[in-house]
Amino acid sequence: MSASATRQEGWSKAPAIVDYGEGELLEVSMGPHHPSTHGVFRMDVTLQGEQITKLKPVFGYLHRNHEKLGEGQSYLASMPYTDRLDYICSLTNNWAYALAVEKLVGQEVPERAEYLRVIVGELTRVQNHALSVGFLIQDMGASGTPLMYAFKEREKILDLFESLTGSRMMCNYMRFGGCRVDATPAWLDEVRRVVAGLPKFADEFERLLCTNEILMARTQGVGVLPAELAMSAGVTGPMLRASGVNYDIRKVDHYGIYDRFDFKVPLGSHGDVYDRFMIRLLELRESIKILEQALRDIPDGPVMDPKAKIRNFRPKPGEAYGRIEAPKGELGFYLISDGSGNPYRYRVRPPSFVNLTVLEDMCLGHNVADVVLILGSVDIVLGEVDR
Amino acid sequence: MAVDEQLKIEMGRQGVFVTTLEELYNWGRRSSIWPMNFGLACCAIEMIATTMARYDLARFGAEVFRPSPRQADMMIISGTVTKKMAPQVVRLYNQMAEPRYVIAMGACAISGGPFKQGYNVLKGIDRYIPVDVHIPGCPPRPEALLEAFIALQKKIDAQPLTGEARPRHLDAEAPGEFPVPEPGEHDLEPAANTSVWTVPVVIR
Amino acid sequence: MLGEGILKGLAETAKNFAGSYVSKERLTTVQYPEERVAPIEATRNFPFLVYDGEDAFAGLRCVSCQICEKECPPKCIYIEKSKDKKPDYVGKPQNYPVRFDIDISVCMSCQICVEVCPFEAIKMDTVFELATDDRFGGLLLDREKLSKSNEYYHTIHPTEATEVDARLAEEKAKVEAKAKAAAEAAAAKAAAAPPAPPAAKPEAPKPTGGAE
Amino acid sequence: MSIAFVVLALLTLAGAMAAVTLRNLVHCALALAVAFAGLALLFLQLDAQFVGFTQILVYVGAVAILVVFAILLTRGADDGKAGTVFSRTWLAGLGIAAAVFALLGWAVLRSVRGLAQAAGTPAVTVENIGQALMSRYVLPLEIVALLLTAALVGAVIVAMYEKEGAR
Amino acid sequence: MTCFSTPLAGYLLVAALLFAIGLAGALTRRNAILVLIGIELMLNAANLNLIAFWRFGPHPEMLTGLMFALFSIAVAAAEAAVGLGLVIQIHRHLKTTDLDQISRMKG
Amino acid sequence: MIEKADQIFVLLLHWLVGFLPEAWQHVASVVVCVAVIVAVYPALFAVAVLMERKGLGRMQNRYGPNRVGPFGVLQPVADGIKSLTKEDIVPRNADAAVHFIAPLVLVVAVFMGLAVLPMGRNMVLVEMDASLLFFFAMGASTELSVFMAGWSSRNKYSLLGAMRAVAQMISYEVPLLLSTVGVVMITGSLSLVDIVDAQTRYSWGLAHWNVFKPWGLAGFVMFVIASMAETNRSPFDLPEGESEIIAGYFTEYSGFKFALFFLGEYVGMFSIAGLGTTLFLGGWSSPLAALSWIPSWIWFFAKVELWICFFIWVRGTLPRLRQDQLMNFAWKFLLPMTLVNLLVAAEWRFVEGVWLRWIVGMAIVAGAYVLMGRVGMRRERLGPRSYRYAE
Amino acid sequence: MKTVEEIKAAIEAAVPGAGVEIVQNPGPAAQHSLLLQPEHAVDVAKFLRDDAELALTFLSNVTGVDWPDKEITEKVKVTKMVTKTVDGVEQQVEETVEEPRKRVEPGYLEVVYHLYSMTKKHGPVVLRMRTKNRTDAVELPSMTPVWRSAEFQEREIFDLFGVVFTGHPDLRRILMWEGFKDHPMRRDYVEPDDYDYEPTAHDAVLAKATAHQARIAEQKGAGQ
Amino acid sequence: MTSNPYFSLAVLFVIALGFGLTPLGLAWLWRAVYSPSKPNAIKNAIYECGLESKGDAWVQFRSSYYLYAIIFLIFDVEAVFLLPFAVAFMGLGIAACVSMLVFVLLLLEGLAWAWAKGVLTWA
């Protein structure tokens, strides 16, 4: 069955194929080695002039067999592998996996550990959003400056991660039933200091770009994703909220201790690239709010469930699907246990992979230059897409 | 090294002509290594971090990330090379103009790293192309990449222009390109390029 | 007004340009080979084996229990258990690794080996300057290359190492107390019973030397 | 005859020759640009500086680009991959051209003997041209404006792809 | 050039040759664009004549030939634009720029 | 003494040529002048590249190249040596001859453009009646070279880049040319020497630069914008927009051919900056009468460098436009604005009264700018947005 | 949010003959699932999506699971007629005895869907479908026409497990290259042999590496 | 320096050409002596993001390029007429200026027509 035939069934609101004028079709493959496909992603693009008439994403250039490897080793051993899923936000991956396993075995997490999880999770969100916005502007052709500023901020956060977990990127911090190490008061002070500097960064970023006419011209009205299509296609995260759907798993599932914090969910109304860009910046500010509250309220206590087992961890047979609001959207882990030390089935539900479903719908009729932007605004990480 | 350079320039200014052709050549190509804009996986983020303000690869004159292989000198294999990607990597390497250097950054690029038992993961890019410098780490810190970059510069400095020990690209007999593996029904074919992949048997 | 945002952006970069000459905050570069970022204590890169005292072999804490080998997610540790035994830090005869290889071209720096090690024998190193052009020789670290002294451990992770030392000392004290108690009991027993076996007992705590 | 003239004439003629004989149409267009440039230089040699530079600006900078675009638009680069690039009546065409040339050459050689030497360098500045343009030639100027506008409209109408539904 | 040694005949001959080449191109090539190139060459040959006659004429300060050449350039430009536009339109309808084929299709 | 410093190069040339026999002096002086031009601008290119890399670095809170030679000054030399010894790849299906010629055409065209720039008092290689027209004629030929490069590579990205580049360059050439017409109207000459001379007058110690007039200011701004586009600088660097089409028309170029493109682009930048300086910023004249003692050529090159610095600054800040926006900007904003500017220049002549013509001129420019800007933004429905929050 | 039982009832009311079964989840997560009959699956899915109360508009996760053929040795209680002497009389008596018996339970490929509602903000509802076997009857209906988000995930399952989704608009391999023959996520997948350099191998890896080296040595021997 | 401008330009042309050719020659020499060029099938293949290039790059383009080129050509010609006018402007009367205004407005009309017709809408 052809793609257009299914479209008629009504789930897709892909722009009607307009008459793009004459001119021979040019088939270009963008990627796997392309400066702005965020890794080894490839789009088989059919161009007429510079307009996209067809776009087929091609994945798998970074298919590292994460799920197969996960099935071959113990539950704990998969934890460092989850770091490498979405390698920009390893801590939220840890969290999602820990959450799924905790669901599978019905484990409780001490309160301090929950706070620590929120702190590192929101820090991760901040740096991911800063980075994704930076990369977006980089794709737009700014010669590095916004990205450099984003990275400058990210380095500060990475220093925090390093002094807490020991590694800049691959933190491997969470365990089933808590966190691996406790944070020292000095570390928390340091976090407070960094968090206090974050609004300044956001302001600087906004001054640098948000009212820039070129940026507005490039992003407004480009890559519009209607809310119905977004819902049907399972788009999650900032992208969904930019389309105006109020769905934030932190608010819906109240996992962890998110019901204790006062934060708002920014919503876009156009669903274009500019909205996605702005929603990320606004979410970054909301994250700062959460961080401030968490740093204020964090209690003392243990960070690991004393009953938790590190070695010989054997959940009872059963299955569980746990999900969190990762910076890029819904990150879920689906685990089936057969009672042995290894998961029988270990499945990752990556947000960027599912978000890419609508890539073609958003790109049709746009320019090559826009495709790059739209892809940037989806904010994919190939480690997660291909796993 | 920088001190040496300055000394040399100082001497040159005083009329002492010390720079032979070989030194000039090596100095030129080691001071101007333009990397290819090529990121694969996790390490790519650290590679980008290396070019950013904190570490600033630009100090070495290497911030000119060229997106086209024709203009690039160095390929940083930054991340896991999967079997689906390997033909492309080899082809890109082939399309670079000589002299070209390869840095295998991170465990995955060297050996497949933590993912090496995966069915779609190539166990090290040096099965197909010669690698100049390996950086272990998962991912290596940006400083580690800088250190490897300096190591590469040292390696270039030591390369003679003529004679037996001259690097591959100065040798008319040495191959100019490396065959691109074909994706087969179960695996890449061939599984390794035996002219660059001589492996010691370590099985216990 | 058209162009306003552009001018704002230009002002921002100009501020950063000028600021880079005056403020450290706007010139964040650490010129690596000469300058270095202040080392962070928790940093980890690759594992190493801790030994106490001077002799890398005698003081090696590893008893080759092979737990790390089993737990290592990418399976990059290879251990060969010794046939004979050598006394560990408390003096208990233990196996030692004849071979302890870590393939750092595979290691993913996840620290699980450290977590699971019951003997505080394997720790994470912070060295990252390991770039090499020797693919097969330079990246397979053997026991000699991996063994590093406790002092070194103290220099890279002072807090953690002190804690570990305290724990070990405690354990040792416990063991010694136990041994002492056992010895006393035995002595008492011996005093009570005919004094036949005391020759064997004092040997055990000897190799660790006078840490009492 | 000065050497410069010979060189320029040869350049122009070679460019023109290449422009009409080469197989690849883009090569033809580039050769055409060379011929135009050569002509411009000939104009310069004739002390017509303004016209010479105009020739470069308009012909090399614009008409050549136009031709190139037209070629790419019609995918003419592959023209004549198979078989000859010349039309069926090429012999006749060549004959006519040769006849015309013979006629012209005969006429030239017969008639212009008297004007062999030029008068002294005329002091033609751009200002002179401007003044002439705005006085004696003001009517032609307006007509040219009309013509250009008409050409613009006409060429655009002819070349524009009428999108269905669009106006 | 102050020392002007090339006779008018030289320019006129070059122009004639250029005209002939253009004509030959226009008449012999199959591709419509090349025909236009030929025509363009012929126009330029005329321009060369105009300039040469102006330069060698009795009243160069009158600018007649020069102005004529200038207007001729403008007209030629317009001609090229329309002509090439026509070629494009023909190509759009007949999918060829081959004059032989076009004439065959027409009749 | 001041005279001597100002004319140092001219005197040097006379002295140098003086050794030769009379008959050769003329030829030799031309050759020497040309050689100097061809030597100075590549050197300036090296300086500018280094400046760009270091300046961008500073804008991004880092150092930029500083290790090759003292403070990194030898970086361009190293790049040159590297490029020279790099392998030269001609793609398999490429049109080898055109592929080879393209960079040469570019380099020659941009160097030719330099010939008419007065780089100091009495320092101009060629003084012609129509030198401005000559400059644009040379600028027009660079388009062809770009097309040749892109087309001959037979690479899809190259061709896309070349088409983009040509479309962009032709679109911006018209505003570029028309923005200078105002100056020509008031000065009454196409000769750049005359134009500079017209600006070397001072009243109240301040120079009569064209940029200090309403038509000059408007023309200047538009000239700057158009010149950025004409030289493919950010934010108009679409032809080589690497995030979209790899490296644009020189994707397939390696080794020194690529370096030639690079050099050609920069020298093109200098020449257009030099032209802008000449037309609007008084060329080699000093802004204040009190500063006239500084040699004229220093002024000229300082202004050019300043111009380049501005380009670098813009590059460090702005993202890139899209093709349709670029074209719209040229045709729907810049071109009408330049024509309005002609009106202002005409007004300048016909309106009597110093203040009145200032006010009228500025009013026309500002009115047109606001009107067109508003209309443009509204048509595209652009503008800042406000966002709602759930809960 | 309705319980699984209620949903089952609702489905059966809406789609007659749907034949939904509940698969219990013994773990603490207690995410019980509904096993759909492939014939009615699309109808059920449409119902779940469109029902005003459920409004499961968001298909979050699609998972493939491979359950290989199992050889089960179990003690089966068998009722037999045994001739027994009861009260001195020989009688045919029914008697239950336990007998060890081996049987092969045919494996199947399972696809699991996790549904949520974006408007009602509830979930998950877990759906399962099973193929008849793992070899030839591996067709299942595609959910892509109902929920677009299944598009890539079902392609992935097709690629890695070999489940053929009928009605999928674009069923091609997604992660592995075209021309790849195997389905690597199946549990009986045999990896390609490239164990050249395994200095730290143990367990399964060691076995594979040793086998590889032995094969290489053999080939070398044969070559000489 | 009251030399013939064209002579200077010719010298500049030659030297600029030499400037381009010399390094290319040096590079050729370097390759000939030390670093042999090794052209190969894959190395010299067209670059396309690491894949083998499919189809030809020399395809038919769309007409919007041509439309812009037409307008450019017309305005280029206009500029050619505008420049002499501009040079003479200070000495011209108001009548001449008005006639030039008519000239410009005529062309502007063409532009406006094209604008309204949507020719200036890229793609």
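In order of appearance the chains are A, B, C, D, E, F, G and H, and numbering begins at 1 in each one.
The rule is short, and it goes like this: contacts are C-beta pairs under 8 Å (C-beta built on N, C-alpha and C of every residue); 3 or more make two chains touch, one makes a residue touch a chain.
Every value quoted in this text rests on a predicted model; they were computed, and no experiment measured them.
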Task: Target chain H, source chain D, minimum contact steps - done: 1
Task: Most heavily contacting chain pair (counted by C-beta pairs in contact) - done: D-E
Task: Centre distance in Å when chain A and chain D are each reduced to the mean of their C-alpha atoms - done: 60
- [ ] Could you please state the distance in Å, as a whole number, between where the Cα atoms of chain A are centred and where those of chain E are centred?
- [x] 63
Task: Centre-of-Cα separation between chain G and chain F, whole angstrom - done: 67
- [ ] Report, in whole Å, the distance between the mean C-alpha point of chain A and the mean C-alpha point of chain C.
- [x] 34
Task: Junction residues of chain F - those touching two or more other chains - done: 59-63, 84-89, 128, 130, 133, 151, 156-157, 163, 166, 170, 173, 188-190, 242, 246, 251-252, 255, 316-318, 323-324, 377
Open item on the list: Give the residues of chain E touching no fewer than two other chains, as numbers and ranges.
Closed with: 1-2, 70, 73-74, 77-78, 80-81, 84-85, 88, 92
TODO: Quick one: which residues in chain A touch 2 or more of the other chains?
DONE: 21-24, 26, 28, 32-35, 50, 60, 63, 65, 68, 72, 80-81, 84, 145, 148, 152, 155, 170, 208-216, 367, 386
Open item on the list: Per the contact definition, I'd like the list of chain B residues that touch chain H in the complex.
Closed with: 25, 68-70, 88-89, 91-92, 94-95, 98-99, 161-162, 169-172, 175-177, 180
- [ ] Can you check the complex and tell me which residues of chain C touch chain A?
- [x] 2-6, 8-9, 11-13, 28, 40-44, 67, 71-73, 108-112, 115-116, 124
Task: Partner chain A, residues of chain B touching it in the complex - done: 37-42, 44-46, 48-49, 52-54, 65, 67, 69, 79-80, 82, 84-85, 88, 92, 108, 114-115, 117-121, 138-139, 141
TODO: Please name which positions on chain F make contact with chain A in the complex.
DONE: 56, 59-62, 156-157, 160, 164, 234-235, 237-238, 241-246, 315-325, 377, 380-385, 387-391
Task: List of chain F residues in touch with chain C within their complex - done: 55, 58-63, 313-314, 316-318, 369-370, 373-374, 376-377
